[in-house]
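To start, the structure itself, in structure tokens.
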Amino acid sequence: MQFDVEEIRKDFPILNRKVNGKDLVYLDNAATSQKPKEVIDSIRDYYMNHNANVHRGVHLLSVEATDAYENARIQISDLINCPNSNSIIWTRNATESLNLVASSWALDNLTKESNIIITNAEHHSNLVTWQQVSEKTGCDLRYLNISDGFDLSDFENLIDEKTKLVAVTHMSNVLGYVVPIEEIVPLARKYDARVLVDGAQSVPHMPVDVLALDIDFLVFSAHKMLGPTGIGVLYAKLDLLEDMNPYMFGGDMILEVTYEDAKWNRLPYKFEAGTPNISGAISTGVAANYLMKIGMENVWEHENSITKYALEKFRELNNFNVIGDNVTQRRGGVISFTHNKIHPHDIGTILDKQGIAIRTGHHCAMPLIRSYGVVAAARASFYIYNTLQEVDQLVEALQDAEDFMV
Amino acid sequence: MNMSGLSGSDDLNGMYEDIILDHYRNPRNTSSLSKPDLELDVNNPFCGDELKIQLNIKDDTITGVSVSGQGCAISQSSGSLLAERIQDSSTDTVIHVIEKVRKMMKDEPISDDDLDLIGDIEALQGVKKFPVRIKCALLGWSALEDLIKKP
Amino acid sequence: MQFDVEEIRKDFPILNRKVNGKDLVYLDNAATSQKPKEVIDSIRDYYMNHNANVHRGVHLLSVEATDAYENARIQISDLINCPNSNSIIWTRNATESLNLVASSWALDNLTKESNIIITNAEHHSNLVTWQQVSEKTGCDLRYLNISDGFDLSDFENLIDEKTKLVAVTHMSNVLGYVVPIEEIVPLARKYDARVLVDGAQSVPHMPVDVLALDIDFLVFSAHKMLGPTGIGVLYAKLDLLEDMNPYMFGGDMILEVTYEDAKWNRLPYKFEAGTPNISGAISTGVAANYLMKIGMENVWEHENSITKYALEKFRELNNFNVIGDNVTQRRGGVISFTHNKIHPHDIGTILDKQGIAIRTGHHCAMPLIRSYGVVAAARASFYIYNTLQEVDQLVEALQDAEDFMV
Amino acid sequence: MNMSGLSGSDDLNGMYEDIILDHYRNPRNTSSLSKPDLELDVNNPFCGDELKIQLNIKDDTITGVSVSGQGCAISQSSGSLLAERIQDSSTDTVIHVIEKVRKMMKDEPISDDDLDLIGDIEALQGVKKFPVRIKCALLGWSALEDLIKKP
């Protein structure tokens, strides 16, 4: 498929929205993405024509709902090249996927002798979760500094026989920097450590192949990849999932219950207690399909060209500083920045008046943001429907904001 | 694309009124007190606004006030307006002012007398159009309330 | 509002659906309900016009999304007469709400000295969850038999000073029987035990007033009350929530994070880690509003008249047995039944051919079903859009099924 | 409302064919073996189908078979058809039959020879139109496979 951003834009109804009288320029994609019409339509179609509870039902609606729900699991498998769709667990979001691994795997496999390695650039979800595991098990939590990019020898110095888990973001939601998982996994294997990849920012924006990368756990959220809110994914190797205890208890995750005891259902249902987010899963499958139709390589290329263009423009601006601009290695479509004088909040409000949506604050990565000597930053982040012209609008609006405020 | 509309945006100008921008660029009463009777640091970790408020109080009158900090234009100018307003006021008056400011930010009707009472602080009215920013405008006032009412 | 079932039916697009060439007769409401057009439209509207991540955003879409998300919390408070919307925690479903209470409250408050009382008619979610707490804490799990209805003296014999929690279904999803919470709470108070009510089947179908009933915890799912899948509610008293530890860790539930430590956010956010099901919450608010417009008393009345009518018809049938027909106390719109010779599965398939959707199986209450000497049952369950005529269709189809199979 | 369409429903009649209903109402080979060589209980806890399979095997030939249980028409008739078919067959043939039955239920093309091999079991074809019921149809066959292939 030829990548044609103007064609793609037609698929996103919200882009016709006026904000404060201006055309919406949506640059808050790292927080959540917009949804193409076919994703929105699939939710509607589900509730208008097929809605029923899944599994266990003999009636037609239930069969249709179950088929669509399970088919979405296969579509997600295809997206990340997962060999067996039983490895795909539906969760609420990346955060829940992380908590599931922490609770059902880490608490049972780590002790006060062990250690976990994460980076200094983690989203709170992939940070506080392991702080808690550390508090509960007494294990050590080690930080790999990637503010200047991944350095293999730093990693070599940090990892040892007691490292049981390396949990790293694939792409930082602040720096845009893409961590080279392919350099992490071989070393982790050597020390018999498991590798968890926080793919919240990578899966929506680039090809991620769990088989080629040999990832043990991968987590991501549908809402950042054109899908709906309220649904996320945990991928894990089958043998790991087999050994893990259930995370929640209730309907669907059991095979047999007596007043004394219960037997767990097979994978993936062991980890899906209660009525699942059926419409959420189905429309996430549609979103995955939409992305695969475009091709994840094309998605990455498009965003990369926008980001490169935007970074050049930013360098021409006075008083604006891009956070992590020192890292010239692979980076995705996220630009966090500050102004020497104007607070990000004021920048955000002024841009909003122009219809330009950016995010301001700590981006759920407080300690990283603070390591740059600031408490908040503004962030523009791109997706398939953003254009070079929108970057121009952003840059002009920033210039105007400076004129207005200083 | 018409970006020149920016300075013509009524809402924006309403929020970032000249008085606000003036207090933001040149905050009043920022030098710290040598012997504050009361002192409080407040911050809003979500957006990083920070204010330090120091007071000298004698015979129920604010004889000295210092407000300093860092953060957005709204939180900082609001702090400066606060400092300017309460200097030399009785604590009763201050409690009254806080009440009126809260009322104004909640969009409740306020009388001309009340407007007289709050003076320049009326400039914060424009923030009401930006609900997420109201927190910024009230940061200093909430802290002041804690300080005054505690003892 | 006058209750007019024909008017209500017009609000449910799926009722126009043909199943196997027949008009859909949807009698699987205890599994999940259908959705009125305004609920479906609210999801569409959210994604077409307002979609953004909530909290922390200064741009207009984020403000709109946040307002709508928080407004839904207030609508839910109104539905159950909860005095403070900070008591409303959004979860994935009733099952997650139960697991949250088990993990964040029960594990910290029960010991091997304590005991929990549940009934013999619990859904697996409100059974296996407490079996697990019992296994982890060593506490005793006691069963109150309600197969013949609630008996206060049975309850008095079971409860003692060591009872810390009484966790009961408000309405059984198998028997339709409504447990008199108003008789349970006073006795529980006397022994200082907390009362958790599984409202998955009651909140959608009758007035539930947490204040009047003085309930400590209430759990329910949106998808059974005209809302979407993937979202549920935990109501709990504020002081309980204040004392409880977070359930999951990540974005939104923290106030401040350093590399060493984290501080939790205030209620309700302490319990809402990660990006929430925003469209789910908003459309659940719309569903609650729709129900309140009709009036929960009217909902109950309507379903009650259908159920009474259906029970009479069932009694006229030979070879069909209604489970729990002995209980003549208050019962909701659920009729589980077996046939002396025909397996429920076959009944389900044959009815499906007539467009009639019922559920067959153990209804996630295996031990209860087995206590009636069967391993599976068929179940018809009603909601606001069902009619007496549909009951006639059901009964005729059952008769025909018998003629066909026996 | 036209309920008389029931016995005219092709799909239903296709699933509950006369042969199926006959085996369901009068299951064959239900009396248990006095000294089974192999024996297995299987069940599907979700819908409560249960089957007990007993075999006598001598010189690679099924010399005795008993299938009994309770559950839906499909699982029980399938069990009865199974019993009837494998009595006096060689284990090789049985393995062959199992394979063909699976193939049929997966809707893969099967030859006339295969149809000859499975005989009356062909009647289970109609179940394919009801995907949730395929599990029921295969319950006994999966158990048989486990029994035969294990030793």
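Should a chain be cited, it is by its letter among A, B, C and D, assigned in written order, with residues numbered from 1 in that chain.
We adopt the following convention: a residue touches a chain if its C-beta (ideal position, glycine included) is under 8 Å from a C-beta of that chain, and two chains touch if they have at least 3 such contacts.
As the structure is a prediction and not an experimental result, all values here were calculated from the model.
Asker: What's the fewest number of moves from chain B to chain C, given that each move must go to a chain touching the current one?
Answerer: Graph distance in the chain contact network comes out at 1.
Asker: Looking at chain pairs A-D and A-B, which one is connected by more C-beta pairs in contact?
Answerer: Result: the pair with more contacts is A-B.
Asker: Averaging over Cα atoms per chain, report the distance between chain A and chain D in Å.
Answerer: Distance between chain centres, rounded to whole Å: 48 Å.
Asker: For chain B and chain D, what's the span in angstrom between their mean Cα positions?
Answerer: Measuring from centre to centre gives 81 Å for this pair.
Asker: Roughly how many whole angstrom separate the Cα centroids of chain A and chain B?
Answerer: Centre separation, chain A to chain B: 39 Å.
Asker: Could you state the distance in Å from the CA-based centre of chain A to that of chain C?
Answerer: From the centre of chain A to the centre of chain C is 31 Å.
Asker: If a residue has to touch 2 or more other chains to count, which residues of chain C qualify?
Answerer: Counting only residues that touch two or more other chains, chain C contributes 20, 56-58, 62, 256, 345, 349, 360-361, 366.
Asker: Residues of chain B touching 2+ other chains?
Answerer: 45-46, 130, 133
Asker: Across the complex, what residues on chain D touch chain A?
Answerer: 45-46, 130-133
Asker: Which of the residues in chain C come into contact with chain A in the complex?
Answerer: So the residues of chain C in touch with chain A come to 13-14, 17, 19-20, 24, 26, 28, 31-32, 34-35, 39-40, 43-44, 47-49, 51-53, 56-62, 92-96, 98-99, 102, 120, 123-129, 131-132, 143, 221, 223, 228-232, 248-252, 254, 256-262, 273-280, 345, 348-349, 351-352, 356-361, 364, 366-367, 370.
Asker: Can you tell me which positions in chain D touch chain C when the two form their complex?
Answerer: 1, 3, 5-7, 9, 11-12, 15-16, 21, 45-50, 70-74, 130, 133, 136
Asker: Can you name the residues of chain A that touch chain B in the complex?
Answerer: Residues 20, 342-346, 349-350, 353-354, 360-362, 366, 374-376, 389, 392-393, 396-397, 400-401, 404-405.
Asker: Going by the contact rule set out above, which residues of chain A touch chain D in the complex?
Answerer: These residues of chain A touch chain D: 56-58, 62-63, 66-67, 255-256.
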